[in-house]
Every structure is written in structure tokens, then in C-alpha cells.
Amino acid sequence: MGEDTDTRTKADGGTAPRDVTFEQVDWDEIDADGVARSRKRVAWLAVVSLWTIGVAYDLYSRFVAETGQAAFPVLGSVSPVDWLWSFTLLVLLYYGVVPLYENPRMTRYYWKEFKKNKAAVVSALYLIVVFAIGVIGPRVLPEPEPTPGLENQPPVWGSIEAYSAGTSCAGGTTTVDGVTMCQGSWQHPFGTTSSGEDILLSSIYGMEVSMQVGLIATLMSISVAAAVGLTAAYYGGLVDEVLMRYVDIQMTFPTFFLFLLLAYTIGSSLFVLILIFGLFGWGSSARIMRSEALQRREEPYMKAAKNAGASSLWTIRRHLLPNISNSLITAATLTIPSIILAEAAIAFLGLGDPTVPSWGRLISDGRDQLRTAWWISTIPGGFLFFTILAFNFLGDALRDALDPRHGGSGE
Amino acid sequence: MSTRDDTTDVRDVPTERDDQPLLKISNLHTYFRTDSEDVRAVDGVSLTVDPGETVAIVGESGSGKTVASEAITRLFKSPPGYIPEGSIEINGREITDLSDEELRRVRGGEVSHVFQNPQGALNPVYTIGWQIREALQLHADVSKSEARERAVELLTQVGIPEASSRLDDYPHEFSGGMKQRVLIAIALACEPDLLIADEPTTALDVTIQAQILELLAELQEQRDMGMLFITHDLGVVAEIADRVAVMYAGKIMEKGSVEDVFETPAHPYTRALLDCLPGRGGIGGIPGELPDPRSPPPGCRFADRCRHAIDACRTGDQPGMHRVGDAPDHTTSCVHFEPGRDSSTVLDAGSEPAGSPSPPDDLERGGRR
Amino acid sequence: MSRSDEPLLRVDGLKKHYPITEGILNTEVGRARAVDGISLELERGETFGIVGESGCGKSTAAASMVRLEEPTDGEIRFEGENVLEYDAAELRRFRREVQLIFQDPDSSFDPRMSVGDAVAEPLVVQGMSDRERRREIVADLLERVGLSAADMKRYPHEFSGGQKQRIGLARALTVNPKLLVADEPVSALDVSVQAEILRLIDEFQRELGLTVLIISHDLGVVRQVCDRVAVMYLGEFVEVGPTEELFSNPQHPYTRALLSAIPTPDPTDRGLGVELTGDVPDPSDPPSGCKFHTRCPEVIPPSGIDLSQETWRSVLTFRKQVERESIDVESIVEMGVLESGDKYGNLEEPSPDAIDDADLKRWIRSEYDVPDRLDDPRAEATVDDALDAIVDGDHDRAKAHLAEEFTTVCEREKPELEACGTEQEAACHLLDDVHVELDELRLTE
Amino acid sequence: MKWYVIRRVLWAAFASFIILTITFVLMDQVPNQQLMQAEFQAAVNDVDVETAVQAEKERLGLDRPFHERYLDFMTNVFQGDWGWSYEYDQPVVDVVRETVPYSLLYGVPAIVLSTVIGTAIGLYSAVNQYTKKDYAATFAAFFGISIPNFWFGIVLLVVFGSWLGWVPIGWNADIPLAADGSWTLLETAGSDHPAFFRQDFEGERYVGILSPANLKQLILPTFVLMTGAIASVMRYARAEALEYVDADFVKTAKSKGVSNRAIVTKHIFRPASIPLMTILVGRILGLVLFGSYLIEVVFGIPGIGLASFQAIIRQDTDLVAITILLPTFVAIVGNLIEDIMYAVLDPRIDYGDR
């Protein structure tokens, strides 16, 4: 078999420098060729390998050599959360930014669709700012530290009765109706907490925490969910049964309560929190993606791919995954804010990592001073609220914009 | 937008009927609002249906035939759809300016619909009996038991065996053909004067289609009901219609009695459509695409795909309805049939040989005998 | 190397059953017999059509033939090689030789893949890694199906149905297949576009020497393009033959019914042959014997019973209802009372007991269109006995009576495809007589 | 159908079993409070610490092999013997019995109200899709979903409690109770009632669940819990209803002459309500369970959430286990009901093979 394809080529002269029509392809030659990878992919694989080596070395020095955290040139020591964070950023870059850059036509189209939703554009801008400050801020700014004497300082535009504030007043004092009022100052634009920590600084550090928790845990959760959901839907049968029954069990244990249980028994660091939300919170996303993928699996274009001779992996990656991206993005945009909220709630309850400058902890700090120093709870609460709101708006708009069938209206 | 009133032309054609038509649509437009320009789904359609008569609207997808049928009782989704101009009279009463409440009484009472897709047209969570009873009780004050009796009667009439035991079944327990029968029963529940059947057999197999067509014809005869039959299938038209209107891109291209239109198709579009039928020799289809319904080109909508297009076809509005030969009701919207032009350019052109679509310029000169 | 005397594709006794499971352990309780033993041979360069109503298994048959579905049973040989024994690499090569065109142009393209990528996909998965070469092949093909190379970057929703179907054809041709399987290639399109697509398929077939298998419910389409046609009913071929012979001289009652049900575009030729009543039976519980006998307008009556075909048909329907115990006496009484007017007008609660047996029997007859008196005395006696039994509420007796007298050969024995013309074959007991006669003739000679 | 229900019930039982096992294993890792106390006592009393701890272990049965303790734990849980709370100094069962009613006090009205209101808004929004009303409702829903309810609670407390003084800031746990500590709907009590501790007034005031004072202090927690829930319900209801707004059968109904109102209530709501109900049971339950935890902490309501929170802070192991298990079981039962309801309510679905 196959020799006839040869004859076809030769019948056409065979000496042509390039086969440009389909009749002239020598498939046996192609069968003999190996698989080539694009340069982009090679670069990506290199970066991932580098990262993996870094993690491996870190793990080695911690647990095998027991020399403590590994020190790297330039970077110094890298915490577990930072490892995850760097990987998350890499993935966002490779799967989010690079395709948009490579496909300007598609990008313009998405942007045109996305632009229609004003609330989403504002949200996106807000999130980009928060993200940028959150990523860069903690690298260049000093850590917020309790400053005895400068407790309960008001924000720059406000004032507070001097007896409620610390011993000194950064913005000087005034006297109103015989009460000495402590004025705000640009030294602490958003004021300070009851322990004298600068609220602006704390909020910036809080941005990093929220972004880390939200993005890392969501990436983990969505990746697992997509892998499980797609595998279950594509293969069906026993694979589906086993995976989905496991999801059932996992989902009966609400993540929040699971975290409480684990926080109680093994302690609660930010790393543990991220892992728990990332590894145990994907049940409902997996269900959504599975049901979507089940529908897509029956579409004729899946059959067309199979008919072309595509492997299962190819079909899942190139057809199933892109076509459930609506569900994926929906799930992701539902997951990010809920995880940020959960982290804040846990920090608010005081059950989280006490060393982490989370917004939830700030809100909790200001709870008792609400009547006097309302800004301590309100300002970080506002950041939290608007971040969650922005993610929700953004998700809604993305869902609309990413649907290529959405374009036409009318009939 | 066309300001020319197609109806004036129709009035030129002497009609022998003295009595009032059951349905009279004049210069109906139906547009849909979009982000950019409106989609002109129906763009000036005039049509009458007499009691006991079957009129078919035939056209391909995108011709606006379904929208035209839904515009009669304003069933299309609104917004975005709206009727910018036109008049619809039922038994002499204008219904375009009726309120929703008044229109509600027309729907199902005087005018009923049967739709294309029987699978989705029945509410899956109610029994068949409930859905027929609902139709009955909306328009007549009947008790529950009377309604039940009537429902059994209706189901028996549409050929559902053991009707009374099937009243409590849910739609998913019926086959496609049976569902369509149930939907016909619902449509007939209140003895409508006009039945609008929108591709009622398209989703069904030929053998089931034959059953449904026979049923419709039978029921129509019993009730002397007018029927507006929407279809894309010329075979079905030839089978069931008395008169036919050919629609293309929101306009009527040709109308007349079914015999006239099939024997002497006048409009180049009708002729091309008939040529596409299997077994008619003309293999090759109609090259080109429908014009953009947002901004249709000037002149005849079909001009760009027409073998006989001349300069006059590409200016002004859609040509008026001109009489074809001596047939009383047979009119077409083609410049070649304008008084003073030679209509034989179109009428005598044979169908092109299979597999070799020649450019239109060549065919201009065609018309050899 | 293939043997040239082998047909391109040879299918033998192909079956595809879907298990129906129930209960806590998913035990198999039945099987939907979508394809139940079909055989065919595709010669190189011919166009073969399979027609049938929806649910007859024609699409499943096509999918099983090219191993998109794993057949339950049967043998498939492509150029002499057993397709069912292919390993992964061979199967991939086989995919190259056999390509499909799908029914719905809207859903047969991944909405998130540009048309260029979609057409190039077979090339990519078959291992052609040279991007530029792929681009050139795709550009060439798009132009050959009447689009432009610039369309490569556009997405499927930007094209009309007809254009998409052209692209579908281009996608199928990229790997230069030998067999093209078109599953309802034009049924989702308008007639004017249908003709274009069919012409395009025809052109490529001639140019490339393709073998084409067309699956369609539309007899018009099949008649127009196919050399040979198979008519399928409930997973089996009931008739196979050269197109013109089959259409002009159909041998199987189902083919005849199907042909008569097509509306002709001729207003002077009205009246469709509504010969088939009811729906296609459930493929998980197909009728015994000839699967078509439950709807057949030409069921052979048992010898010794002489009834008009119409009456005989109604007696059979009646019998089927008795068999399924679905004679709803209550509702028949309800209807009967309604229609009888005065006689039972004063009845409070219409119940079978309150009705005269004779009336009830008459009503049951009329419900199933059985005449009040059958011409054949033996048949009449049987029906009457059965009715008595039903009125008495003894369904078993009624069943036994009817089964004894009215079991036809169509129900008992499964007809096989047998030659009934030069190349025509049909599976019907009506043809047995012809053969018997022929045999007798031969014997006497 | 029968098999389907049986399967679901068995599955719920199996899931509960797994959850209990996980809880037991995790709790087994936590240092035992009593042992630590014994150790401390021994150190104080200058006895041999080792022997004292060993004795205490024996007394508590902790020296027995793992599987025996595991079996014990399982039987105890099923027999309602849920251990001892050191913080409350009473059996855990009693703590649960005392605290759960407080959670129901605001939880039940919040669930009922948010379901009704949310569904109504969602339907309305779907029917008026792409109009200003729809956008307004959707926009409001985003706010409802996004607002962190613990923070919202605090802000509302400041505004309405401390600035405006409309509602009390502290939560008075005794108001819904009668003088003898039992629950009552409405009755009058004098100043000797524990709720009025340190208050001096003449005559009698209302106490009980329906008393004005109690309702007043319930307003904010109920409202805060509702905001998120209404928004969620509304979004689900809208999405479900949109599935049917353009359905063919709605067009059939319209062509029959059914009024717009009846189309919404009969033809759209009824089919949409089936999947909706099932979503609601699962999702809203989770939302409320999670929300109540925070709300009780913020408002100081002595419900099960606050008890659990304090148990965690104060290392009251048995109480932690039970207060975390309880909502989990509520979720399991909720899911079970959800699945069975779906099967019962939807005539379209044949559960023959699954």
C-alpha cells in the first residue's frame, strides 16, 4: 500500500521544486519525518525546565541536604509561594499575552467586543493597576511596621480626636470646639492602624497577597478542573464514572470548612491556604466544564478531527479545550473572586497566617475602632470589594467577548 | 427605503373575487434593529388569502418568508423586531395597530400557527392534554371536562389513536410526526379562520410528511379554512397550494396560481429555482449569495445573480409587479415584463447545460429558440 | 500493494449495536440495533448512495464503515486489507485514504479555528510540518472550491452555509483521499446551493477518480448523483440496485412507498401515496421476520385468507394492538358514547359493563378501521372470537386466536436480499413467489 | 428511577463515611487538651509526668490501637455521643442544641426571602433581556455578589448602629428566650428577665422570637446574608429563564394567544424552576453556611458558627470536629435532596440507565 501515492507524484514530473497542490504530496516521505516543534514552544519548554530545576534544587536543599532554603544568585532565597507565583505569572504570559500578540486580528476583534462593556474596561484598568502595584510595590517599598506613637493616624484629608490617636500626630494638631484634633498627613496618606502600621503600605502588601492567592489558587484549580472535566467527558465510561464520583466526594466537603479543619490540625500558612483552595476547590468547575465538553464532544467537528486522523490528545487540546473556554473563563472568573474573598474572610477571623499583611486582617484590626478610626476597616475593605467587583465585571465581559458566534444579532 | 407601493400594481390586476379576502397583507415591512443598520427581513410584501384557499410562500433561507408569516400576528421577538410600515387585515379588520391584549385574542382564535420544529414546540413539562386545554380555555369559556372532551375529539381528528389515554402523556413520549399532529390539534382548537403553517413538514421524513400534508389538506377542506403555507420545497408547493408567492431577500418576486407559476415561471429567480430541482437537468445551482439584508443594492434584489440582468435591473427600486401573459393573477417583479419590453428574453431562455456556468454577459445574448 | 481486482471497499455483515443498560450495575437489558448486518462493495470510481428515513441507521453505517465507530460485528476490507485489524499507525494512514463530508456545515467546523487552520488540520495531524507548504496547498484548494486564498484567516461564522460546505469539501480533499463519504452533504442547504455542491463533488470525482459514498434521506439527490443505490430500513438494506433500475422499477414495497411519498414539483400531479402509516419501530425492539411488515402496505396474507389489502392491513394493526394489550376499552367506550348520541346519552359513568356487547364490538372495530363484516368468513370468525374475548376481558384468548390465524410469512421469516433483475436485489417475500415460479418453470423445462 | 434514588442514597452514606474518616484521622493528629492538662497538672503537683499522662491516656482510652478508637469514634458519632466541650463545659450535643436555633433565627428567613426575591428579579430580568431594567438588575447583582459580607456587616453596624442608633450594636441572646431560658414566640417579661440585665424600667416588655426587639436585632444579619444570596439566585434564575425565553414552545404559547404574564409564569418559569431548584439547594446552602460563620462573628450571634469559631480559637477539639461536620452533612443531605428532586420533578428525564 502507498506505492500508488508515489506514482502519482512521479506522474506529475516529480522534479518540481515544491509541491503546492494536494495531489502531489508524498505522504510516505512525510510519515518518515519526525515531529518538529516550533521555536516558541522550545523557548517555553526551556523556561519551564529552568523553573523545575530551581524548584528541585530548593526542595533538595530543604529536605534532602537539610541546609535550609536554597540561596540562588540574584534572587536569593525563594519562598514556596514565590515559586508558585512566578510559575503562575509565566503561564499567564505564555497562554494569555503571547497568543494575543501573535494574533493581532483576533486580538482586535476581542478588544472591539470587549470595549462595548464600559464597566469591564474600567474594571480591567483597575485590576491592571492593582496587579502592577501588587507585583512591584512589595519589591521596592519598605514593609509596613508597627510604629509606636503613630497609632490611629487619620488619612490625609481627615482628622481624629487626639486622645484616640497615638502620642504624636504626623500632620500636627488643631483645636475644634475645645477638642484637640489630630490631622492627617501625606506621610500616611490613608492613615495608620491601631498599631501604627501605615494603611497604604499595608494595602499595597495586601494587593500582592490577594493577587497571589486569587491567581495561583485559581490557576491550580482551573488546570485540575479542566484536566479532570475534559478527560471525563472525552473518554466517558469508567473513567468518567471514577473521576466524577471523586468530585462528588470532594464537593461534599466545602473548601472553607476543609480549610478550617486543616488549619486547625496542621496550621495555616499562606502556602497551605493556596494549596487547599487550589487543590480542593475545583469540583464545581470540573462539573461545569465536563457538561460543556460532553455537548462539544458530540459536535461534528470533533468527528471531523477524528476523521483526519487526529489523536485524542490533539482533539482535546485543539478542539475540546478552546470550545469550552467559555466555561473555563466563567469558572475562572467565579473562582478568583471567591478565593480572594475566602482568604480575606479567613484572615478576618484571625485563622490565617498572622505574618501575612492581608486585607482581611486589616479589616479585622479596625473593627474595634470603627467609631473613632473608621478608615482602618473601610479602606482595605473598599480595595477588597472593588477588586472582587472588578473581577466579576471582567469575567462577564470576557465571556461575551470570547464567543465568536456572539457577533451577529438581529434575526 | 422603498416608497413605491406594490399594492397599487396589484390593484391594476382585475380580481374576480367580490368577497373580502380572509387575509390581506399590503406592503408589509418588518425590520430588526441591530448595532449597525436595521436588517430588512421583510421589505414590502403584499399578499391575500381567501377563505378555504391555500397560499404558499416559497423561498430559500434568508428570504424572509418565516418573518413575514410571523409578522401577521407579531410573533417575532420584539424588540429588536418592528413593523415600520404596512397593513395587515384579517376579515377586513386592520390588525397592525391592535394592542397586545387585542392581538392576543386574534392569535389562536382567528389565526393559528404550526411551526417547523415539532421537537421543541411543545412545552416539555406539561402533558399534551394540558396544552390543548390551555388553547381551548384561552378563547372560549369551557369547563375542564368539556375541554377534555374537546381535546380527545381534536386528537382523534388529527389521527392520534387512543386519544383519551394519551392526553396525560408528556411530549417526549410522542414521535416527531405525532408531535406535529398534536401541534395541529392545538392550532385547530379554536376553529381558526386562517392557519399559518411554517415549514410544518421540513423536520419530518418523507413518509411522515406525506401523512401530515394529507391531514392538513383534509382538515382544511372540512373547515373551509384559509391556509398560508410557508415552505422552501417546491414539490410541497405543487402538492398543496392553490396560489403561490415566491420570495427572495424580503421581496416577492413572483406570484400567481400554482399552475401558472409552475407551467410558465416568469421571474428568472423562479426559473432558476425550478431548474435546481433534481431531475430538471440544470445542475449547477444559482451562483452567488443573497444580498446583505442591512443595505440591499438598488434595483432588483436578484440582479447580481441573474442571467438576464440588464442596466435597468440595477437602478431604482425593486420593479413593480407586472402581469405575465394573460393569466389573471400571475404577476412578477421583473423589468423584462414591463409593458413595452420583450419578456421572451426570459421566458424562452433554456436552462444552461450541466456543469458549465457561463458568465452572465454571454447569456444576455441568449434567448435563442 | 492492493490488488486491483478487489473492490475499493468491501463491507460484509456489518453490525453496530448500542447496549441499553439498566439497574444499579448497568446490566445490559437490550440493544439498539442501529445497523444490523449490511454488506456492500464499492467499486473504484463509482458513486454509491444509501437512502432511508431518519433513524434507519444510515449515518451509523457510514461511521462504522470508516471506523469512526467500532462495529459490533462484520468485516470491512479496504483495498483488500482488513480495516478492523489496523493498528494506530495504519489507522491514521487509513484516515488519509477515507475522508468525510458532514451534514451540518455550521457545526462541522470548530468555531474557534480559522478556516485555513481547519482545512490544514488533516495535513498537520498527518504529520506535514512544513507550514509554508501547508499554506500553499490550502490556498490552492480553497481556490479550487470557489473561494479565495485570503479566506484562510476568516472564521467559519463569517461564511454562508453553502460556502462552509465548499470548505468542508476542501478539508476532505487536502489529504488526497480515495474514498469520500458524504453524510447528508446537502440536506441542510437550500436547493440552489445543493445543486452547486453536488456539481462540485461530481467535478472532483471525475478529476481525481474518487469513489463516493453518499448518505441521504433525499431520494432526489441520490437519484441525481449516484450510480448505485441501497435503500435502508431499520438497520438493513431492503433493496440495492443501479439507480435508474431501482427508481423506475422498485421491487421492495418500502422503496415503492418511499418513492410515492415524494411530492413532485408538478401541480397537475397531486395526491401523495400515503401508503405508510405510523412511525418507524423502535430499533431496540425490531419486529420479527421482515422488519418492515408492521408498516408494509403489501403484507402477504396467510394462505386461505382472502381479504383486500386495506382490510388485511387494518386487521393486522388490530392484532398488533391486542398483542401489546394496548386496546383501551375505556377510552373506546368514552368515544363511542360521545358519538352514539341518544342511545347511551343518559349514562352517568360510561363503563364497558353498561354497554351492549355488540355495540362495544362495533366500536372497537371502528376504532381500528376493521370493517363491520369481513368478506372472508374464516377471518371474520377469528376477529369476532377475538373481540368476544376482549369484551370478556380475556386478552390471552384474543391473542391466541389472532396469532393462530393471522400470522404471515412476513412476520415469521426474515427475507434475504435476492436478485430480481440484472443487478438489482431486494429483500421481500413477495419476490419469493416469483422465484418459486421461476424455479418451477426451470424444473418443468 | 427507583435505582437512581437508591444509588444516590447509598452514595450519600458512603460520602458521609469518607468525611467522618478524614475528620477522625485529622483530629487524631491534634494534641489532646486533656492530656496537656494532665501533663500540666502533673508538673504542678510534681508527680511523674510520664505516668500521669499514661494514666490519663488509659482513662481516655487513647492507648488503644488506632482501629479500635476509630470504631469507637464512628459508633459514638452515630449514637449522638459527640464528645465533650471544655470551653462550654458541657456535652457537645448540648452546645449544638443551644446554638443551632440562633443560626436558624436569621438563616431561615434569609434563605426564604432571597430565594423568592432573587427568582422574581431573575425572571423579570430575563424576560426584559437587553433593556435598561435588565442591565440595572444585573449590575445590582454584581454588587451583591462582590460585597464581602463580613465587611458589609461591619459598615452597616457602624452606620445604623453607632451613627444612627437605629439598631442595637451588641446582640442580646436572651431576648428570644422566656425567663426560664426556653424558646418562646412572643410573651411579656419584667425587668428581671435576663435580657434586661442592668436595665431599669417599670412594667413589662415583649420577649420572644417575634418580639420587636428581637426582630430589630435580626434585621441586619438577615439583610447581610441575603445580599449575596439574592444576587446569586437572581443570576441563576435569569440564566435558566433565558434558556427558555426564545424556546419554540414559548412561541407556540404566544401563537395560542397566551398572555405575556402567563407565558412567564407558566411556560418559562415552570420548566426553568426544575433545574433552578436543584441549583438553589446546593449553592445557596453553601453560601449561607459559609456566610453565617462570618456573620455570627461580626454580629456576635451565639449560633453554631460563632461556637465553631471560638472552638477553633480555644482548641476545643470535639466541638471543632462536630461544628465542621454538621454543615458538611447538611450539604450532603442538600445534594441528595437536590438530585432526587430533579428526578422526581422533571418528566423529561428517564433515569433508567443512570
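Labels for the chains are A, B, C and D, by order of writing; each one numbers its residues from 1.
FYI, contacts are C-beta pairs under 8 Å (C-beta built on N, C-alpha and C of every residue); 3 or more make two chains touch, one makes a residue touch a chain.
The structure displayed is predicted, hence computed values, not measured ones.
Undergrad: Shortest hop count from chain B to chain D along touching chains?
TA: Tracing touching chains, the least step count from chain B to chain D comes to 1.
Undergrad: If I rank B-C and A-D by number of C-beta contact pairs, which comes first?
TA: Output for the comparison: B-C.
Undergrad: If you average the CA atoms of chain B and of chain C, how many Å lie between those two points?
TA: 31
Undergrad: So what's the Cα centroid distance for chain A and chain D, whole Å?
TA: Roughly 29 Å, centre to centre.
Undergrad: Need the CA-centroid distance for the pair chain A / chain B, whole Å please.
TA: Those two chain centres are 54 Å apart.
Undergrad: Using the average of all C-alpha atoms in each chain as its centre, how far is it in Å between chain C and chain D?
TA: About 57 Å, centre to centre.
Undergrad: For chain A, give me the residues that contact two or more of the other chains.
TA: 408
Undergrad: Quick check on chain C: which residues sit in contact with 2+ other chains?
TA: none
Undergrad: Using the touch definition from the top, which residues of chain D touch two or more other chains?
TA: As it turns out, chain D has no residue touching two or more other chains.
Undergrad: Can you check the complex and tell me which residues of chain A touch chain D?
TA: 119, 245, 248-249, 251-254, 256-257, 260-266, 337, 341-342, 344-345, 348-351, 363, 367, 370-371, 374, 377-378, 381, 384-385, 388-389, 392-393, 396
Undergrad: Help me check something: in the complex, which residues belonging to chain C touch chain A?
TA: 1-2, 63, 66, 68, 79, 81, 91-93, 95-96, 98-100, 102-104, 107-113, 118, 121-123, 125-129, 133, 136-137, 140-141, 153, 155, 157, 171, 173-176, 208
Undergrad: For chain D, which residues count as touching chain B in their complex?
TA: Answer in residue numbers: 130-131, 246-249, 251-260, 266-267, 270-271, 274, 346-348.
Undergrad: In their shared complex, at which residues does chain C touch chain B?
TA: Listed in rising order, the residues of chain C that touch chain B are 53-54, 160-163, 190-199, 202-203, 217, 219-221, 223-224, 257-258, 260-270, 272-274, 276-277, 279-280, 326, 328, 330-332, 334-335, 338, 367.
Undergrad: Looking at the complex, which residues from chain B come into contact with chain D?
TA: The touching residues are 73, 75, 77, 79, 100-101, 104-109, 112-113, 115, 117, 119-126, 134-135, 138-139, 170, 172, 183, 186-187, 189.
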